[in-house]
Every structure is written in C-alpha cells, then in structure tokens.
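Quick heads-up: structures coming right below.
Each of the next two complexes has subunit A plus one other chain: subunit B in the first, subunit C in the second.
== the complex of A and B ==
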C-alpha cells in the first residue's frame, strides 16, 4: 500500500507539522493535567500557593472517610440501576420497534427527544415536579392515589429520584444505538426461526441479543465508566446532599468549596483508576469475544 | 385465525409503543403547559391546561433571566468551539487517514484512549492553572477546554469518513500542483459535507447543553451560558414556580427546534461511533 500523501517526503513533513500542534493542544489541556492530578494527590495543595508533599496522607484520609464509602456505594447503586433498567428497556423496545415500519421515525423521535435537553434544564424542571407540596404529589392526591405521594428528594429517595430523571434522558439514546445495531442483523435468521416456530422471546434471546453483542458490550463498558464519574443531574438536583452524594460531588466540594485541591485530586485518581481497571477488563473480554 | 391473532398482536404492540412515547414526552408537555400558567394556578393544581395562557410569562422570564445575554454567550461559545473543532477534525482526519506514519498510528490510538478520560481527572489542575492565567471567568477559557474535549471523537469520525473518499481524487489534484491544504480545501472539504454537518451539529449541541464545566469556569452571571444561567435563575427566582417552567422552555427551545428540523443528523451523529 502506498502510504503517503502522494508528495513523498514533503507531504510527510506537512502531515507531522499539522498533526503535532493538534496533539500538543489536546495533550496540554487534557492529558498533562490528568497526570498532574496524580502528582497533586500526594500534596496538601489548596489550589493556590500552598503545595507540600505529604505522601499518601490524602489516600489514607480518603480510605478512612465514611463519606467516601457512602459516595462510592451511591456510585455502585447508580451503576446497578443503569446496567439494568435503561439497557433492558431499550433492547426490548428496540426489538419491537425494529419490526414496526409505520411510525417508526416519529416514535424514535419521541423516545430520543429528552436526550437533546441539557441536564441543567431537565434537572431543574423535574426538581419542580418533585416538589413535595406543589408537584406530582398534589396530582396523586387529586387522582386518589395519595399513597404514591413521597418526599421525592428526601435522603431515602433522592438518589433514585435523580437517577429516574437521568434514565428518562438516557434510555432513548440507547434505544437508537441498539436499533441501528439490530438493523444489521440478517432478516433471514428471523425468518428461519419463524419457520421453526420460535416465539418472540426466543427470537429476542437467541437471535437479537447475540446479534448486538458487540454494541451491548460497548454500552456496558460506557455505563460502567460513566457511572463512576456521573455528576450533572445529581449536582443540579440535590448538590449531592440528602443521601445522594457521589464521588464526583465529593470531589467538587473539596476542590472548589473547601479548597482542598490535593484531596480532590486523590478522589479523581481513584475515579480514573476504577475507569482504567474497567477498561482493561473490558479489553480482555472483548479479545475473548473476538476470538470466538 | 392465525392472521387475526397476528393483527391483534400488532395493534397491541403499536398501542404500547405509542403509550411509551407519550409517557416519554409527558414531562416536557407538562412543562410547556405550566410555562403558560400563573404561579398561583400551579400551586393549586401541579399540572394543567393553561387557561387563559399567560404569554406574558415569557417576556418576564426573558427579561429577568437575562436571556439575551445568556443566549449571546451560548452562541459565541458553541459556535467558536464547534468551528475550531471542525477545522482540527478535517485537517487531523485528512492527515491521519492519508498517511501511515508511526505518529499517525500512535495518534489514532491516543485519541481512542482519550475518549475514556473522565472530566474530573483533569478538572482540578486545569481549573487552577486557568485561574492563575486569568482564564477563569472568560469565554475563551471555556472555549479552549471544549475544543480539547470534543476533539478526539470528531477527529476519529472525520478520519474514518475521509478514508472512504477515493485517494485518486487528491492524487489528481496533487499532479495539478495543489498543496496538501489546497487538497483539503478544494477536494476533501466539499466531499466531506455529511461529516462536516455532523461534527458542527454535535459539537454545537454538546457545548450548548454542557453544564459541569460551564458552571465551574463561568461564575459571573453576565458571562454564563443559557443552561447554567437557568440554574442560577431557578435558584434566585424559583419561588415563582411558573418562572421555572417558562425559563426552562425558553432555554431548551433552540435545541428542541433544531432537533425537529435536523432529526436524522442528530440521531445519526450522536450515535455514530457507538455501533460497530
């Protein structure tokens, strides 16, 4: 394969001269600061001038901090919710939507619409719906369903109430992702299954799911990485208070309110570390799946 | 018999899918209705038909919400970052797909891996370096970060699109004496229109909707983008419930209109790269 621009040497020089600034730009703004987070996590940095090396003190404090375990447990709850409800919902709906030709585009638009709305807007509007006195509770009472009324953003419920909004926003996106993967499955497979008398559930399980395996794995990976660093909906709706703290809200408060930038960096390192482990694990799985 | 049952099932299926779609848009319709009601009416009945519709809500929210400034800020930040991302993506994508230098191969992996870097891993050091460079509370500071964040994905997208453009076309132009940048401008750019639309649209929408960084880097109300200004507005004026809904509708309207006009570009663009 001839692999240059067609200019020989000069073309390669132009290519490097063009790619290098793009690379450096990204490296300086994103990657170098990520390494700096690691370095700073070993200091008592306050964001300004004070910055002394304190060894693993931040990590020792973090792993002894009950707030850290509460936040981490919430991230795990978030992960469990997002690994199940939106994925199952979008696969099942996608499976049936793929067969309906009439109205498919309009339906898809309705499911997808919340995905284009900013977390800031959706979060605040739903917070108004969750208002215990003037929100959906009053609707439930008027409909004679008063038993459904709750203090939605109180400690026992806040995390799940917020996650519900994020899932509302998220599953339509997954639906479109799975739908386009499903459209690449050979229709002959379904036809022959039909001849053999397979029911819908069997078709979903034995044809559709294996057919979208790669996409599904990708979605699971993305869900795991994002669940560890999720922030915006929780911050907009509860600021991480009332039992809905997350690693990222804890990090945010330490970095920008308590001026404990070094400690915040330690939280960031733990977060990123988890993402790397997940990524590495996924690469292994994908390699095995690819070998099949 | 069989046919009958099939037809009935298909009707049930359609009704279920439609019901689900209705549930999905109900919160937005409720917000739209409430945006035209008075505070007192909302406090009495949480969601209802706006009778008579309070169109004055919109003027009020627009004025006290500072929406003219907020939208100007959003447009400035989103357009500036999307245009630079586009330039980097087309130039980067062209050289990445047309060369097999070791550096290009490295960059493809580098950008692929950087897709997974969480925002918080670089946020704190970037914030405090920007603070010392006086880039906090400036639009340019935020634009610099948005460009970097949107770059990896869009460069890879452009690179995979451009690699499908026949190389013979640029070779012909080179024989005619075009420089690499003339090839990009005259051959690649006109042929890459679909991917250009996607890149511009997706980076525009992403930056327009972005909350976390905009909230941290722009603290002065007059600098804030629409989404972050809205959160501030709700904090200050949220005791008037109608304002939460009215301002919310105003803030989301530009993107929702864009979505209905360019639905397919949205859906294809936002999901591209995730399938395969």
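== the complex of A and C ==
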C-alpha cells in the first residue's frame, strides 16, 4: 500500500513537472496578455502610449454601436452555415466513404487537400473565381446559366461567398475526423441492421450518428468557438468591408487603423465572453451526453 | 558523478565564452534599424542600396562602425505595435500626416529640428511639405514622396469614341463621354477595391477636392458651420452614386474587383478611364510596348462651376526617428541626405516616393515618356499652387476610414447620403477636438 502511494506521488510529480513548462508558457503568452486586454478595455488606449482609465465607456459605446450588432449578426450567420453545411456534408460523405474499400485513401486525401492550402492562397484563388469578367460568371454564361451569375463579393453576397471558400477548405478536415470516428464503430452493428432490413438512412441515423456522438459534439463545440473568432478568409478576401464585417475584423480595424486599441480590447473581451459562454454551455451538454 | 560535474563545468565555460564573444561583437558593431513600409521587391532593393550608401558614408566620415538593419513591408499595424513596445526601430515610416500627431503627442518622435536646421530642410522641401513636418514649432518628420491623383485613359478607346482629353472640360462633356463609353460596351471608369478598400478613397479624393478646395479645407478644419452636411458635398456624393448606379463606375462593381482585376481590365482595353494616382507607373512601366502606348494621362475634368481641374496632392509617407533612439545623429544624417538629387533618380526609376522638393530635371530624363508626362503634370500643379487635398494625407484617420468604407454603404443603399455625411461630420468634429487634424496647406 505504502509503495503504491509512493509510486502515485512520484507519478504526480512527473506529471506536474511535465505540464509546468507548457503551463508557464501558456500563462505568460496567453493568460497574462488576456488579463491585460481586460484592463485595457476600460481605457482609451490608442495602441501607442496614451492610456487613460475611462470606466465602462467602451462597453457603453460598443453596445450602442450598430456596427457591433452587424458584425455579431454576421458571426451568427457564419456559425449557422458552419454548423450545418460542412458538418452534414462530411458526415454523409464519410458514411459512404467508410464503406468504400478501394480508393478510400486516395479519395480521403483528395477531399483533405484543400485543408493544407493556406487562407491567403485560397482567398486569392477564389477572388479570381469570383471575378465578374473572367471568373465563374463567364462559365455560367457559356453554359447558358447566366441567371446564376452574381456579384459574388458585393455587400449582399460577400459573407456567403467568403464562407463558401472557408467551407471548401474546412469540410475535408471534418471528413477525416468523422471517418476515423466511424471506423471505431463495431461493424457487427451494421451487419445486424442489414439482417433486420434497415436502409442506409436508418443505419446512418441509428448507428453512425450515435456512434460518433462524442466526436460530433466536439466538432460542434469547436465550430461554435471558431465561428466567433474567425478572421483569416474574410480579411484576405474583403478586409471585412461592407456586408462581411465580423467581430474580429471590427476589432482589427479599431486597433490598428482607427487608433482605438482600448475599444478593440472591449470587443475582444465581449468576443471572448461569448466564446466562454458557448464553450461552457456546450461542455456541460457534452458532459451530460457523455454521462448518458 | 565526478564526470558529470566536469561536463557541467565545461558546458558552463563554453556558454560563458559564447556570451562574451557575442557581447564583444555587439559592442563593436552598432546597429541602425530602419523600418520601411515598402513591399515591392525592386523598391525594397533600391531603398536598401540608398540606406547602405548613407550608412557607409556616415561610418567613413565619423570613424564609426554602424551596421544597417533594414526591415521592409512594415505597414501601420506592425509599426504601431512595435512603437508601443520597447523594441523600437531607429527610423521608421508613418503612412499619413494625420497619424503623426498621435505619435508626437505620445512622445514617440525624435525632435529633428537640429538636423532640419543643419541640413536646411526649410530651403530644400516645398513649403507645403515643410509645414507638414512641423508640430508645435518643432520638426518631427520628413514628409517623403509627393503624389497626386490623376486619371489614366485608353487612347484607342478615346479615339474610337471620337473623344480627346482636351474636349472633356466640364461635367457635361465628361458625363457625355461616360455615357458614350457605356453605350459602346466599355467600362467608363475602372476602379477595384476588393483587396484594397483604400482604392475607394482615390476617386473620393478627386471628387471631394473638386467640390471646392477652400470649402474642403475649412470643413476639415471645422470652420464651416454645416460642415460635411452642406449641399455642395451632398451634390458630389449624389453624383458619384448616380455614376455607380448607371454602371459608369466599374459597372457598379468597384468593391468586388481586385486592384489586379482593375489593371487587367484597363490594360486589356475594356475600360476608358482608370482612376489612380501618380504611383501607377509601377504597373505601367512593365507593360508590353503596344499596351503601354495606348495609355494616356490627364487631370479629371471639373464637376462644377466653382472649381477648376487640379491635382489632389498627398505625401506617400512620413519618415521619422524614434524618440528613444540611441543613434540620433546618424538618423538625422540619413533622413537629411536621402533628399539628395542623386538618390531621387534611383527612387523615380523604381517607382518609389521622391523627396517633395525641386528635383534636377536630369533625374527625370531616363523615365519613359508617359511617366515623364505625368511628373510634368505634378510639377506644374505644384508650381502653380494648383493642388488639392487627398483623403489619406489631409483627413483625420477615423474620418478618412469612414469616408471610403461608408461610400460603399451609400452605393449599396444601406445608408442614405445624408446619414453618410452626418457621420463624416461627427467623426471630423470628434477628431478635431482630439487634435488629430493635420496642417492643411493653402492652395492657390
């Protein structure tokens, strides 16, 4: 018993020693600056040296700023798109791909490929596709589908056009994640279902989805948090201009172009607050589902 | 155990030696760091060569060993961040005169007055440029690079439509040319801001300046009772919106096209005009001879009876030295001497900003005819005092940002023209109160 306790203590010391460096790094690089941002959000910091305490003035202005609500609404639209299209697409394709034995690796690699392309490059490529003079509009016209041609990056369409590019980049990654989860499901379940006469949709709904439940919950959670903080594709393609502004692009512009770093910190705090609420709420759901 | 101890001691000694030699090297060589906003490879190389020459000269005359550390591609986002940290460059660029005030207010700029006196900046720079360098009677920056807004046109299309630049003298003749171009399947005015939202302010700079230079100056300075809300500005915004609605302005797609799209559409003969400043030679010079010869340059025609065509003027950037620099003397030397004529030719050839001063005409001789013609227009405008005001040089920062972002909302009818102008007025008043309106020189 005594020896067992000694082993546990030693094990704990090793664990603490192993975790300490990364914890210190995280504390110095993430946690401390985050606290700093919270403090700065109560100041009129201009991003250089001027910094005076102004209480909750930034928050008062933020909650009365129509740009904030527009950006937040765009973040929510982004969230809805990412919670549906890429997740559903990757589960369905993954479901059929899991059954494919020949060429599965090649197909998986093919779908995964966009994920390794950087946002800057993908953004540039798609900006060319969206060009009204030689992009996909020209293709539509040549195919007699001119009614499909649009001003893809005009304010009314910009957010969805950019989100499409990000989804193109993202869904292949989700496919690989779901596919690995699907491969952990006992094949006997599918065989039994077949014997019982279940069709593909029933197998997907009653076996696959419950089988990948934990992975699905993690992906939903990550998507929610990432959707609130997304920045790269929008910045590369539209600089968050009219119709596609997000909380992060609003933050960036205030911090670096308007010399309103204090206000930008307030946006960051609210953005983080939203992410924490989402993360906390969903982690709770995940725990309950996991307990089931 | 003994072996481990010896090994530890040896490692400690080696580290000590490495540290000592690094210290010695650092003590022998002093680093002068120059941070520049230039991003194009050829231009980076030109700036590096000029700075290396100047550092070499200084070393030779002062018997010192300075080493140049040149960092390019430093936009304002990076510069602001670095200048708020402890690791500041010795010399750096600020994009707009309007931004300089914040830096000066925060005590981040070295007082360059002694060097300005020693090297006679006042007698060297154009009067308006020298005035831009002064805050509270002290010289804090070297305004570098003067640029103006012009209109580039396609000679071939102009000929096909039976037009000449000389025939476009007023709003009626210009609008008729735009309509003619549109009716004949051309894009009347090309502009692309999808990857460079700032491109929207190029045309706004012309139009606001053409509304009335005195009016614009006194509006920014807060001397107009109604400010931006006056009818004159409303008329201008209504005009540009109507051109956007009619498809005169990039088929109404200016905010969905990239700068490259706009250049390609113009050079491939799809557009009659392209609105861009005097920096355009960076894409004009590399064109094939036949494409190059199709391009002409002119001033935008007048848009009302109050204001004659003129050149809205800007400075490309403000060179400054950090207040905390330990190398003030060499910094002053570099800034003062980069104005020398021998460097201006090099800057001109790579399409870089040049010093805002009278430059020996011989420096322009090697430039291609169209670029020479463009510079002639700029210099004539300066000589005659016939210049106006661009947004990025003379508007305070938030007002400027809103001017070009808000106009897209006006085009998209997300906001009314009145709301757009009211917000411009609100921001301008706020920034005026904060002391962020730059010195605006008077034009003739």
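Worth pointing out:
Note that the second predicted complex is superposed on the first by the 269 of 292 C-alpha atoms of A that agree within 3 Å, B and C clash if a C-alpha of one lies under 4 Å from a C-alpha of the other, contacts with A are read in each partner's own complex, and residues count from 1 in each chain.
Basically, a residue touches a chain if its C-beta (ideal position, glycine included) is under 8 Å from a C-beta of that chain, and two chains touch if they have at least 3 such contacts.
Fair warning: this is a prediction, and the values are worked out from it, not measured in the lab.
Once subunit A is used to superpose the two complexes, subunit B occupies space that clashes with subunit C.
In the superposed pair of complexes, A:237 makes contact with subunit C only, with no contact to subunit B. When the shared chain is aligned, subunit B comes close enough to touch A:119, but subunit C does not.
A simple residue count on subunit A separates subunit B from subunit C, and the partner touching more is B.
In the superposed pair of complexes, A:19 makes contact with subunit B only, with no contact to subunit C. Of the two partner chains placed by the overlay, only subunit C lies in contact with A:259; subunit B stays clear of it. When the shared chain is aligned, subunit B and subunit C each come close enough to touch A:47.
Applying the stated contact rule after C-alpha superposition, one finds that A:151 touches subunit C and leaves subunit B untouched. In the superposed model, A:138 makes contact with subunit B only, not with subunit C. Of the two partner chains, subunit C is the only one that A:130 touches; subunit B does not reach it. Overlap of the subunit B and subunit C interfaces on subunit A: residues 47-48, 127, 131, 133, 252, 255-256.
The touching residues of subunit A, when paired with subunit C in their complex, are 46-50, 127, 130-133, 151-156, 237-239, 241-243, 252-253, 255-260. Put simply, subunit A touches subunit B in their complex at residues 1, 3-7, 11-12, 14-16, 18-20, 22-23, 25-26, 29-31, 33-34, 36-37, 40, 47-48, 93, 96-97, 99-100, 102-103, 105-121, 123-129, 131, 133-139, 142, 168, 172-173, 176-177, 180-181, 184, 214-215, 218-219, 222, 225, 228-229, 231-232, 235-236, 248, 251-252, 255-256, 261, 264-265, 267-269, 271-272, 275, 279. Residues 10, 13-14, 16-18, 20-22, 24-25, 27-28, 30-31, 42-43, 45-47, 88, 91-92, 95-96, 98-101, 103-104, 107, 110-111, 114, 116-129, 131, 144-145, 147-149, 151-152, 155, 167, 170-171, 174, 179-181, 183, 205, 208-212, 215-216, 227-228, 230-231, 234, 238, 241, 244-245, 248, 251-252, 255-256, 259-260, 263, 266-267, 270-271, 274-276 of subunit B touch subunit A in their complex. Residue ranges on subunit C touching subunit A, taken from their complex, read 76-77, 80-81, 83-84, 99, 102-103, 105-108, 193-195, 197, 251-253, 255-258, 261, 264-265, 270, 397-398, 401, 405, 408-409, 412, 414.
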